[in-house]
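Single-structure report; data block below.
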Amino acid sequence: MSAPRLAIEGLSVRIGDMTVVDRITLSIGAGKVFGLAGESGSGKSMTALAAIGLLPQGAVRSGAARLDGNDLFGLDEAAMCGVRGRHIGMIFQEPMTALNPVRSIGDQVAETLVIHAGMHRQAARDVAADRLDRVGLPADRIGLDRYPHELSGGQRQRVMIAQAIALQPALLIADEPTTALDVTTQAGILDLLGGLVAEGDMSLLLITHDLAVLAGLSSSIAVMKDGRIVETGETETLFRHHSHAYTASLLAASNHRPQAVPLPDKADPLLRIEDLRLGYRGRGRLFRAAPLSEAVRGVSLSVDEGESVGLVGESGCGKSTLARAILGLEPPRGGSITLAGTAVTAGQMMPAHTRAAMQIVFQDPYGSFNPRHPVERLVAEPFHLLDDAPTRAEASRAVGAALEAVGLSPQDAGKYIHEFSGGQRQRIAIARALVIRPKLIILDEAVSALDVSIRAQILDLLAGLRREFGLAYLFISHDLGVVRAITERVLVMKDGAIVESGETERVLASPAHPYTAELVAASPQIPQEWVA
Amino acid sequence: MLSYILSRLVALLASLAVASVVIFVMIEMVPGDPAAFMLGLNAAPDTVAALRAELGLGGSPVERYLRWVTGMVQGDFGISYTYQVPVAELVAARLMVSLPLAVMALLLSTLIALPVGLYAASRRGRAGDWSVMGITQLGIAIPNFWFAMILVVIFAIQLRWFSAGGFPGWDAGVLACLKALILPAVALALPQASILARVMRSAVLEVLDQDYIRTARAKGLSHRRTLTDHAFRNALIPVLTIIGLQFSFLIAGAIIIENVFFLPGLGRLVFQGITQRDLIVVESVVMLLVFAVILVNFMVDIAYGIADPRLRRQ
Amino acid sequence: MTLHRTAPAWLALAAATIMGAQTALAAQTSITVGMQLEPPNLDPTGGAAAAIDEVVYANVFEGLTRYRADGSVAPALAKSWTISDDGLVYSFTLHSGVKFHDGSAMDAEDVKFSLDRARAEDSTNAQKRLFTGIASVDVVDPMTVKITLSNPDGGFITNLAWGDAVIVAPESIDAAKTAPVGTGPFTVSRWVQGDRVELARNPDYWGDAVALEKATFKFISDPTAAFAAMMAGDIDAFPGYPAPETLPQFDADPRFRVMVGSTEGETILSTNNKAEHLSDIRIRQAIAHAIDRQAIIDGAMFGFGTPIGTHFAPHNPDYVDLTGGSMHDPDRARALLKEAGAENITLSLKLPPPSYARRGGEIIAAQLREVGIGTEIENLEWAQWLEQVFRGKDFDLTIVSHTEPMDIGIYANPDYYFQYDSADFQGLINDLKLASDPAERKSLLQAAQRRIADDYVNGYLFQLARTGVANAKINGLWENAPTQANDLTGVSWSD
Amino acid sequence: MRQVTSAFVKMPTSLIVGIMLTSLFLVAALVSFLWTPHAVESLNIAARLQPPSGDHLLGTDHFGRDMLSMLMVGARTSIAVAIVAVGIGMGLGVPLGLLAAAHRGGWLDDLVMRGNDLVFAFPSLVIAILITAVFGPSAFNAILAIGIFNMPVFARVTRGSALAVWTQDFILAARVSGKGAARISVEHILPNIANVLIVQGTIQFSLGILAEAGLSYVGLGAQPPLPSWGRMLADSQTMISFAPHLAVLPGLAIIATVLGLNLTGDGLRDLLDPRLRRQR
């Protein structure tokens, strides 16, 4: 057997006195896809950066790495520059920012060729056109002179891949290449990556937090936790016969479904939306009418009291705009919204008690709180909506109770938000939403930014609260798995309209609309029989 | 694009119109009668009246404003009270000193600041960075009139490499003129270069944190090449803003510097105009300076478009 | 007094430079002369600024008579003249063969035109008063002019020596402000506004040829810049040099020559005699005793200046030294203030730009504070000073140098800005106007000097010195400033 | 708590040096109210232009005044003018910036920003000269002139940082809680841009010192007998060759103060910017 394509032996990475990667060893065969899985902070990205010598300043690595038997760590910076891009290509998570905004895509792909192959710019651009064509961006459709901002996220990720494979490297490292993308786009990129490996001799190191992504693509997997590889093996074997408890919990969490909440027998309609149209006129220019962009075109839906309804769709489909309109933050251009019989109108005219009937939890646990205020003040903010605002002591008690309800301690009220982890922050966000006992909580991608294990806990919490307080949820998400786990009914939204709705299980199991079918098909799945 | 430029032009004209009113009102408030000033202390009242009529100081403020603005639109800025020559001529002559000075200072500061800022950023946290940051801090803190004075003492009085000031006029040869402008341009450029170098450094550092820099490195570009090929152009965008803003500071600084080096420039003209109550000159020069700043910022906007393709389609 | 002529800067500049004619060696025939202020225009008959005369007087324009370096008046375009017995009719005989720079001949018609223009109703001549005594100007023949006065005037010949009385030609007068055409030994070859005026030798000059071929007046207002320019050798001579504190340095440097001369500038602490406290002579006297003249001369002028006790130039033969009446005596000042019941008063002190005023003001403020008078200093530009102080009379104290020769007559005008109204004094001046006997004039002048000193009208500080610096190789510059001029006709370089 | 302690432990060198320099002059200014080595009003022409000695630690000026005392009282003038001017700029500029940000994209925003651009377009020194031509030179008018040009700086900085805060989810949460733009601006925006404003305030403070020096240098600032660094410098620069300390000392005082303030501003930025803190 020939030497492995990439062999990492006893690699450690230290930043200051923290060990972020701890003596890991792995090897990737030629022409294989190797999956490196783990939650955030597990050290998987650091491993990749250490391998190509791009660790952040202050990070120190030890151990050894060999590419096709050649030592990498012994090379000096200049020699390493000759390896990067030529023998090892790398792509990153965030296609929106990973490309230089001021240079055309053709030039950026060609640059790899210019610096390594010493090609002339024009010759390099010809090759670049070929590579872009290979990743699905034919020059007649997407010109070489286009700039990154003119492309969609998926297209940008394809440009990234094109420049990484421009010189047909021996190894391609992909660090969360699809995490920022919609599911259908993700499927396309994963297909492309798989195809690139299949058609040549290239190996792929695929780093992801999503085990489901690896299930269909990689030949072997290593699972990382706290800087160590806790388990490694052939993909199917690992899924079927994982030996480490962490792998087990990870798998369990990614498929977690909280206990179902019994629906009330007879529920009154809580939220009713009729033929809602949203959008805004852009700013007019001289001699030109302001353009109208319509984000929501004629949506009707209803949510009953105590019901949990999912709203799925890809980015830009209008689901967040819809959520803002329900909250009375966005004036409708047509149609109506009523909440518990009262019309929702945007602006200050909206009666406080109507506002008080609904609250929202956002996706980003970091941006949801004013970092200058203590938790008590943050959670108490909605009291502003009550006509008879509670006294300080009452408010303080209510905040304490809300914190307890979400699994935190009333003592946490005096702390500031930066003292909490992401999962805890999301609990505080829920406590804030809960504190004035609304009837409806809108959860806007509320668990999307969380690691699977934390996500499972929050889903449990949401289910428990619903049972306890009889809340209704409008659960907005792009993740079908989560929607399936927590909603009874689902609405599928595309281009500002709802294309399909119905019971969650039914819709996801046998979609009626082709778009729903596409979504379901594109969602990476771990084969049932592997985890059964 | 055309309608974009047109709407920008309308905004530009509106700014100019408002600026002209503001300037006129300010000038109207300045006490002191140009005619009385010109004739001195024991001039008879009828002499002063005769001169007032000759200078066109009569009429209501509104009339005078309209006369001024319509004149300006037609390129007629009036006749200087003190010099008795057309203001346009006077300004044109002074511009031949001030403009090269401003351009020289701007070029000097930019040419020094950008590489220095880039260098400091690339040596972040190391001795090179520290010394650049220290020197630029000092450069910002030194009042430019004080610096100018030191320059004169060293290079004109002690070493006698340059003359202490003055301007020979362009017919004396381009080289002689450039030589006369070197010390003033250096004095003007020092604080500008210091500020610019710092802005450049932090802009480059900001850019270096961006994902696409990591992409470039992953492609195999060396650290140095990443800086020049990727970081530089992106960092230029915030730097351009500052260059635009600095233009106005440059003009203000030039007034003092022109006085220190007794250069016959616009700054000295306006300063002199105020003390001699040659208000028609002051009005026109201030208007011109405001116009220049607005114009420069307009050009900076267009330069953005060149530097940043994201802004091109607006 | 004219505004500009009161400014010491201007005054100082008003250096006259007559030099003994000397044949320059081939080496150097051009000179660069520094001036603090730039002339607003170049027509001495249409503007008040001293800087105009400082460029064109004797160089570009000539009058019938002219001042010389020693202050005496000599014939210029007029070869000779006769005066009628009653002192009313003056007959001038002109030099023949005099040509203006444009080639036209200068004759009696031009003289008549110039004088009639200066005294006309709509004249903008800043010194119209010089010509108010003229009843008529008549052309007798091309080379003879007869001027008839309405009253005898002993100073008429001197009046005609002023820069405002130069002879101009009707053909070229419209352009005189920017392209002056005179009869002098230099023509204006170029004026770079804001920077310099260049003169070139007039090859067709009627009089003695001048040594210089080219002269440049360069305008440098900032004293520091003037110092630097002089030190760096950019300027060959700076007759009205504005930074007296640096003179010892030039003195010690063999490359330079320092010139200290006298001017007609009485520098006074002008006092508003009608202001609230200051109408009381005891308070004015207290101020006079509070002032230490030598400290002011040392502190503000670095020792250059002569103490005066009244409004009269010390170099004048009729001068009386009255400084004894207002000796520095703080105790006396305090006693007077107590007597007047004016302890702890505060007066406004408005200062024009020249450094004698600004520096002197700070010193005077400190000296007044010593005796219990507070001051509020306000620094003004000339335009503001003119408006507020001179015209508006809205001030208590100000410092200014009165640079007109023999201007004690201003005290006879009760509307003059310091508002001194004394019938006694007005009588003296009236008598003086009519008196022609030298002895009588002398005694009247001395009585007038005593009168204002005894009334403590103003605080009399010092006679402004004229300080100049020049390259040591330059000869023929004026040391004193009998009038505002930089006469270059006698200037030359020695090798 | 963790961040606070680590902040103190990792106090940037620039901040330490900056605070030391700044407080040196602040203390000098404060002390000058109570005591100066010699009275700055009393002139002693006989004792002028003395080099440093035991009696006059920094020598005397051309009027025989004690340089140390002059510098101390001059610090007071410079600092007072700069502080009040920055106060005016902040007091007007910050509300304007908040207003513009709250109505981003609206006509009010346009009006405020266009007005800002217009003020920026005026050459500051010329306007300062005009102001003093109208009202006469004084410390007050210097403050006015400097203050006016501080306003758009603060408005712009405030608007820029406020806009970033407005996009945060917690603002949406506050709006869901029914809070209006004014209340949100005060409760949420202001505390979150305070860092930036403090840093900018320090920078503007230093620029104010420089501007005051510049105005006094051309004679438009504080009037005598009140000492001011800029005027001390202007008054004595012709004497630089035989009494260099007269021009050099006030120049150094200006440089040191401005340097101190800028270093403080830089240090504060490093200390307060959580992004930079993470990188350090």
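Labels for the chains are A, B, C and D, by order of writing; each one numbers its residues from 1.
By definition in this document, a contact is a pair of C-beta atoms (placed from the backbone, for glycine too) under 8 Å apart; a residue touches a chain by one contact, two chains touch by 3 or more.
Given the structure is predicted, the values throughout are model-derived calculations rather than measurements.
Participant: Based on mean C-alpha positions, I'd like to know which chain lies farthest from subunit A.
Facilitator: Checked the centroid distances; the maximum from subunit A is C.
Participant: If you count the contact pairs for each chain pair, which pair has the most?
Facilitator: B-C
Participant: Report the inter-centroid distance (CA atoms only) between subunit A and subunit C in whole Å.
Facilitator: Here subunit A and subunit C have centroids separated by 87 Å.
Participant: Between subunit A and subunit D, what is the separation of their C-alpha centroids in Å?
Facilitator: 46
Participant: Between subunit A and subunit B, what distance separates the C-alpha centroids? Give it in angstrom.
Facilitator: 49
Participant: What positions in subunit D touch 2 or more of the other chains?
Facilitator: 133, 237, 241 - these are the residues of subunit D that touch more than one other chain.
Participant: Residues of subunit C that touch two or more other chains: which are they?
Facilitator: 224, 353, 381, 384
Participant: Chain touch graph shape: choose line, ring, star, complete or other and state it.
Facilitator: Contact pattern: none of line, ring, star or complete.
Participant: Chain pairs in touch?
Facilitator: Every pair of chains meeting the touch criterion: A-B, A-D, B-C, B-D, C-D.
Participant: Can you tell me which positions in subunit D touch subunit C when the two form their complex?
Facilitator: 41-43, 45-46, 48, 62-64, 133, 136-138, 219, 223-225, 235, 237-239, 241-242
Participant: Okay, in this complex, where on subunit C does subunit B touch?
Facilitator: 1-6, 38, 40-41, 47-49, 121-129, 177-178, 192-196, 218-222, 224-225, 228-229, 231-234, 353, 381-384, 386-387, 390-391
Participant: Provide the residue numbers of subunit D that touch subunit B in the complex, in ascending order.
Facilitator: Subunit D reaches subunit B through residues 114, 117-118, 120-127, 129-130, 133-134, 206, 210, 213-214, 217-218, 230, 233, 237, 240-241, 247, 251, 254-256, 258-259, 262-263, 266, 279.
Participant: So in the complex, which bits of subunit B are touching subunit D?
Facilitator: The touching residues are 11, 14-15, 18-19, 22, 26-27, 29-32, 137-138, 140-143, 145-146, 149, 153, 157, 209, 245, 248-249, 251-253, 255-256, 259, 270-271, 274, 282, 286, 289-290, 293-294, 297.
Participant: In their shared complex, at which residues does subunit A touch subunit B?
Facilitator: 52, 54, 77-78, 81-86, 89-90, 92, 94, 97-104, 111-112, 115-116, 147, 149, 160, 163-164, 285-288
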